[in-house]
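The letters A, B, C and D name the chains in turn, as written, and every chain counts its residues from 1.
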């Protein structure tokens, strides 16, 4: 019997990387080769995230050593810092799922407008956008998968059937997220007393996930910029997008459109009523409800995910499964 | 020196009535004459809401006795049950602020479509919609004030300057509320475990506050039905409306429009960035931020209130102050 | 290859039963035969608990039909209602883990003082208290396992090494629990607004878990009634017991005592600092920290569990594994 | 008519100082002269704490200028940093309520063991411990009041009647606090995701409030060190102490003892059942319940306060009222 593929998780001290490490560690097929961290090397992951129960110590990344010899890597670095690591891994023949924004945007100019100067623009053409429901075959054949942003994951899945059908004239996306989406850094905004008993819009008109959603909706045929406003909620994990679509869709048709679009999808549930994020907590599911506002005719589409699971880390494993020819749901069902 | 006006609070065992009782009890000018409850007569209010510190016992309503001889009443009954009590109070010469929906909608047919058969339609013409920022003079002269719904309070204040200026072509209102807005009844939806770590849309396309918002926007000149979707959040008090307006407004003008509209208003703050509901917790303030989405040109207007204070009970006292010629902010600043 | 044992979960519409159904449904060895409910028959479990992802419909219990032919059952009925169902299952040769209190107390008089008249006292002698760390061998040989209460699970594990060593002269247990411990019923006490931003002692001096803790500590040699006070906290899952022990223990010895006591236990972690309940969320782990108060010499022992997992349902599966000769951690690691 | 006394709040950018500024600003008798901050000078307080609605700008402290000419000051500096400011204010004839720990402990050696080297030990003899229920007359006559710690406020009030009656043989205090007690600093421990859905003991055996409680219980006649363990809870404001007292008290007597002890106290409520912290939220009240455990005979005494109000800032105003001969409840009832 062949050796199980070995997987490195780089940047495993953050929320996303730590969960990726747990999922790989318990995966029936992959072997967690190592976990690394720039800030917490020497610390056992269990000291930071006891509930993940990964009995491994965080190491400093050493690509010239053993870390460069793995079969695959999930890279959970901040944007800008990720590209060089990804490039080095690819050069060593390692298959990569990158959780940063560095390879999500196909247009270099847009990336550099919203983020920083790109260190490896030559790799942009090789990257596949890691939303299996849209790019399953390309992911299977790819060595570099760009894990989508959490909001884009929910928004694109929630709007794709309409976009593909040419039924989006205009769209407002009011998004709501738990605090884990803001990362592990302790700031005034993530202080418990700031968030508790509160709800606040943020990144209004400027959030970096807006051009990412635009890119994918355009690829599906809906070339209209989205009005996208995220809000911070007092909960840890969970993300809801409430999408308000000006559309020529007929009331009787939209539910059938969604049911057909997602008929065979293992991780998209088209549900009868508006989902809550609790419904998909700690799952790789995106639950979607679509209906027509009887007063205004707008299409209302609601999508709920767990931002750390389907929005980031379990979706990365979903791509990894595809890249290694495994059953898509293995280890994340 | 004249006697202070005596005020009855009917339905004081609910969240809104109890807070109204507290505000009247501590008001420098009014005297809390009695508090009544259909379900909890005989119980001290302190046993239900210790932090309000109202050392009074709830009584059964007796309009033929002392309760009919008060100068004013705040009625916090459910819709349908309120109209007969209000009618009886008015017949005894009592000035009334009604917190139910019974006198909010000027069009009887709309009321009966969304609520129940109206028991006192003959009073609809006498009622003034109790949003002081819109109807200050009428409230001063009225004996029957219909306290606005919590969502309409936030939504109308947040959209009024645009509506008045003819700058609303279309509007989506994504509203978020804490659980106190759902009232004191223990149900599956208000169970802690249902709400905690969750966010859920509800009343999609059917919520009763939509026609109320329509009515007032139309009165201001914006005769367009709103797309209105409320969401339940894991917090107790606080309500945010995120309004997405398709508009011919010029970027440079909207902030000035709002600042001018609310220049003299004691309880509306036009603020620089998107407000959180914590900013207005336990105040009679509506905090509003307006901006233009640089990507889509939509006007984004955010309004935050405390649903039990400005959204209900302190706003009722604001009206009561006006009805009795008192300083508008007395007892609620 | 032999058929996998079939398992019935009776009372699967409550929090504990629903989680038991999920754990059995995903268990690599057992087969979920049916799930039943007195109140929600006809409803898919996914409609009540979508995140558990159990695609089964709740049925009415029919012990004379297929439900009586299963190999094992987890019964999640309220106390009093459970005993007759358990008796009927045992009569049909079904192995049972009962999650009610009906078979926890070996002394009939104590049971009837704290609960109700017992319908099947003749079975008390057959029941094994389902704490594998104390009764592993007896559970293996038993057909009737009484799943411990959630507080007793945490308290007994946290105090057992001291009790066994004769080192408890007196003990105060201050316990804290999330709301799921109060069950699914919507009441004034479980209303979000009652629990949020609150912490309240309850069941002071009268809680039914006190005699259960006493029984097991006495069995270990510590025949002293515990002072036990639970508190309700604003969180869903998680339970912490803070135990204050007057003891002759020597400072240098207690940590070693605990490490030795739990050296081989797969589901008890003796940890360096006081655990938080988040550390064990959605795990079958009890995390225990023990230390000596340097000011007073008291032994301080803290134990954290997830009340629905180790405190109830995953611990039931742990027993089921033992009863069927499976690896103890199968399906719950 | 005489000028109202002018009050400086130094350190007004923290949670405690900001609330003190609000309470003084709205006080009917005092005049808020200035608010200062070392970190946020130049910022309006409304930008940090909009709900307090204090339309003042934070300034750098200038004791040689106008800030040295006020009638009174509330100093909300960290321990160690406070003493020099207090000394300078006293030298200028300013009456001071200090919210730090610098003047709480009468024994210099104990202070220096638990905190730092004391810069002004010569002032220790002048300081009065600012718990009005114990030291009302001394506070009236004092120029330097040391505001008690939040836990000591709750613990001492909850235990004082027993201590005074010689009825404490031993006592365990299990304390629970919201996150505002940890202050405004953003750290790993105050990150929302660390606190949410969690409860954790901290400062076990070493918390600085233990010797403070000891000091005051000893002064009342109970010379026994307390076993004191605080826990961090997922809420912002509120503190509960659960006290377990080994005592010779007779069951029939303890309630009467407490009712008598606090008969005339405006801010201590002896209540029938265990209080929740929500009962006293945003009040200056300490709610206390006392009972005997029927199983073990221990005295159980529960005390609930709002840690920022009675535990810190409103209690400071209570002292200020006494120091200026005002009604004790003025501005904080």
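Throughout what follows, contacts are C-beta pairs under 8 Å (C-beta built on N, C-alpha and C of every residue); 3 or more make two chains touch, one makes a residue touch a chain.
Because the structure is a prediction, the values reported are computed rather than measured.
Chemist: What chains touch subunit C and also subunit D?
Modeler: Touching subunit C as well as subunit D, we find A, B.
Chemist: If you average the Cα atoms per chain, which one ends up farthest from subunit D?
Modeler: The chain farthest from subunit D, judged by C-alpha centres, is A.
Chemist: Looking at A-D and B-D, which pair shares more C-beta contacts?
Modeler: Higher contact count goes to A-D.
Chemist: Between subunit B and subunit D, what distance separates the C-alpha centroids? Give it in angstrom.
Modeler: Once rounded, the distance between the two centres reads 36 Å.
Chemist: Would you kindly tell me how far, in whole Å, the mean C-alpha position of subunit D lies from that of subunit A?
Modeler: The computed centroid separation for subunit A versus subunit D comes out at 46 Å.
Chemist: Quick check on subunit A: which residues sit in contact with 2+ other chains?
Modeler: In subunit A, residues 194, 196-197, 234-236, 275, 278, 281 touch at least two other chains, as defined above.
Chemist: Give the list of subunit B residues in touch with subunit C in this complex.
Modeler: Result: residues 15, 179-180, 184, 186-188, 190-197, 234-236 of subunit B touch subunit C.
Chemist: Taking the touch rule as given, give the residues of subunit B at its contact with subunit D in the complex, in rising order.
Modeler: Contacts found on subunit B: 50-51, 53, 196-197, 271, 275, 278-283, 285, 287.
Chemist: For the complex, give me every residue of subunit B touching subunit A.
Modeler: Of all residues in subunit B, those touching subunit A are 170, 172, 174, 176, 178, 194, 196-202, 204-206, 210, 225-227, 229, 231, 233-238, 240, 242, 244, 246, 274-278, 281, 291-296, 298, 300, 302.
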